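Order of writing sets the chain letters: A, B, C and D. Residues in each chain are counted from 1.
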Amino acid sequence: MSSSGPASLQRERGPGRLEAFSDGVFGIAMTLLVLHLVAPGPGGLAGSSLGQELLSLWPSFVAYVTSFMTILIAWINHHNLFSLVKRVDRPFLFYNGVLLLFITFVPFPTSLVADYLQHRDAGTAAAVYSGTSLLAALSFNLLWRRASGKGGLLDERVTAEEIRSITRQYYVGPSIYAAALALSFVSPVGSVALCAAVAAFYALTATIASMCG
Amino acid sequence: MSSSGPASLQRERGPGRLEAFSDGVFGIAMTLLVLHLVAPGPGGLAGSSLGQELLSLWPSFVAYVTSFMTILIAWINHHNLFSLVKRVDRPFLFYNGVLLLFITFVPFPTSLVADYLQHRDAGTAAAVYSGTSLLAALSFNLLWRRASGKGGLLDERVTAEEIRSITRQYYVGPSIYAAALALSFVSPVGSVALCAAVAAFYALTATIASMCG
Amino acid sequence: MSSSGPASLQRERGPGRLEAFSDGVFGIAMTLLVLHLVAPGPGGLAGSSLGQELLSLWPSFVAYVTSFMTILIAWINHHNLFSLVKRVDRPFLFYNGVLLLFITFVPFPTSLVADYLQHRDAGTAAAVYSGTSLLAALSFNLLWRRASGKGGLLDERVTAEEIRSITRQYYVGPSIYAAALALSFVSPVGSVALCAAVAAFYALTATIASMCG
Amino acid sequence: MSSSGPASLQRERGPGRLEAFSDGVFGIAMTLLVLHLVAPGPGGLAGSSLGQELLSLWPSFVAYVTSFMTILIAWINHHNLFSLVKRVDRPFLFYNGVLLLFITFVPFPTSLVADYLQHRDAGTAAAVYSGTSLLAALSFNLLWRRASGKGGLLDERVTAEEIRSITRQYYVGPSIYAAALALSFVSPVGSVALCAAVAAFYALTATIASMCG
């Protein structure tokens, strides 16, 4: 691209439209999860009742709520990160797209966990599930590295000390999901439970913060 | 998080992006409902006509319109609540997420009602349907409690009297849906009709307001 | 609602958030249409080639493009209407929701037309298809009546003469779709062709305007 | 339309709402791609393991990532184009809609490639796939022609030299996808690989730009 007019116009771009686009993708990925909740029709009950069938779908509900909360927390993190960003450039747009690739992928491993959590291949399902969360968490790190790097994308009121503090916080997600991936080979249920615990822990601290504040 | 730069930047956040994100989720949940309307193809008519098949789908259409209007009214309430909110914090983001969890779940009980309203298990379907609306209405109360609580999230022009008035209004939804849940064990059709009546009442008052205003 | 603080805050609301919400619903309804385009997998070819199968799907492609363009034109009309609107009230929110109900319903009659256009029940499919467009066009009239009525929702720069001119334009849609509905009982293909012609006419005039402007 | 009030109001419209609407459509099209990733349930494994089944789905994953990145790059281009646009008119709205028609269509050829890449009809699938990308790239050219034409839609800070430079860049996409379409008749895998290479090249240059900047 030439360096004058259009380039300078583009350089002025704030993150507004990228936020709106990302919001849409996060929201759709969260909403599509419900399509994998399918109860048998009246013709498929085979002697049992609808209530029994719904109870036997518990792995689907656990996977649904865990994935929903995981994407919700990812969105809140995205929201926090973008509140520090003043402008975006092409690599930032691209890394954000890679993050969205893994976010939109979540319904697939969620359906694997729902189908296979009580099956001998539960380990494979749990590995794909925790591995997807790991890749999403690593993408978040790439995005933050770009934001906080030499390109000057952050608001200038963010200090070097604060950047280091946030960078340390960003190590937590990949570490936990790497542990969940390793655990999937030993205990598939434990691996999914660890992913669910991250969401539950977040919910708990939000509730406590709410009662204190 | 450290207390200076980024925290203060985040403290400035208005509800704009949260609104846009929530709008996307409400809109998608409403639009996905149509995916559960499925007519048999020409090979599945089995002697009847398409017209007869469409007429026999009436529980699906009733469930579709009721769920659509329920989510629409929830969105209008969300719109009204947010018009009073000046800034958001982490618990508010989280409670909004819980509300969205139940909103996005609506297509599932809607499909249950469509499939089971004329079946002996209609009670289970109606209980899950009205129970989901009850949980969504309770989430709305949590969100309003947080908004109107000590955190100072509301616009300062909202008076204490007005807050009490709105708090009283927020008791209506959970009360009706709790009644619908109780009714589902006695009369499944009555339970779904009560949920539909809420939407119809709202439509009626909007139309009357329109004719008067 | 009490008449002071919150009510006055709400009275200030512009159409911004309603536009964003509606945009999401229009966009999702347009995008979901593709889910009804399904080609048989390699195991379902039964002696024919993929190319032959795709050609035999032509009613699906015609229905897809017609519905997509119909929703696109509805969105452009919505966009035009909202550019004249200065503020919204509860009946306007509600009528907009009714319009969105019929817009999100479009994928269902589209799939009927795709499945039944070459079948003896094509008349039923065409009637549901043109009837849905008719109801959407009538909803547009309700919305415009509310916008241009006594409530003072329009920008004050819009003159009475202009309102009358637009009101006359709004008669065109319902008239054509009522004709298409009547035609569906005589010639199903003619009815769908009339709906497609509306979209094609719009495309043509846009292209001509483009070549002239 | 009459030439005074409303027309002048409409003439003031910036591209804001069109961007938001388009963002929704791009985002949904990208997110719907995951619905075509379907693993067999435990009852459908037929002696193999879930891991083996997932590995045999590789054409689906290749098609998923390629289509996701193709739509992402189209969105980034759209973002760039719109950063130069100051106002929109009816033909521009319409051409943007035609572009969105081909973008929302992408999940269909993606599922064809996933199903047929290892089948004798792979050529047909690859032709539909690359042909869709070609039509989307041509729509982008139409949109840019309208933006940079006599209608005065561009920001006046964009110089004639810059317009010529961008016009030349816009020849690249159609040329590559026309080559991919031609290649589909000789080597279906090569055709899809060329489409994937466009996305990979873009990713590579974004990463290099990131390491340099």
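Keep this in mind: a contact is a pair of C-beta atoms (placed from the backbone, for glycine too) under 8 Å apart; a residue touches a chain by one contact, two chains touch by 3 or more.
Keep in mind that this is a model prediction, so the values were computed, not measured.
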item: Numbering shared by both copies at the subunit D-subunit A contact, with half separating same from different; value: different
item: Longest centre-to-centre distance from subunit D, chain (CA-based); value: B
item: Fitting subunit B to subunit C on CA atoms, where both chains share a sequence, rotation angle to nearest 5 degrees; value: 90
item: Subunit A and subunit B, separation of their C-alpha mean positions in angstrom; value: 24
item: Between subunit D and subunit B, distance of the C-alpha-averaged centres to the nearest whole Å; value: 34
item: Touching two or more other chains - residue numbers and ranges from subunit A; value: 20, 24, 28, 32, 35
item: Complex interface listing, subunit C residues touching subunit D; value: 19-20, 23-24, 26-28, 30-35, 37-39, 41-42, 45, 49-51, 54, 64-65, 68-69, 72, 75-76, 79-80, 82-84, 155, 157-159, 161-162, 165-166, 202-203, 206-207, 209-210, 213
item: Complex interface listing, subunit D residues touching subunit C; value: 1-2, 4-6, 8-10, 13, 17-18, 20-22, 24-25, 28-29, 32, 35, 89-91, 93-95, 97, 100-101, 104-105, 107-108, 111-112, 115-116, 119, 121, 124-125, 128, 146, 150-151
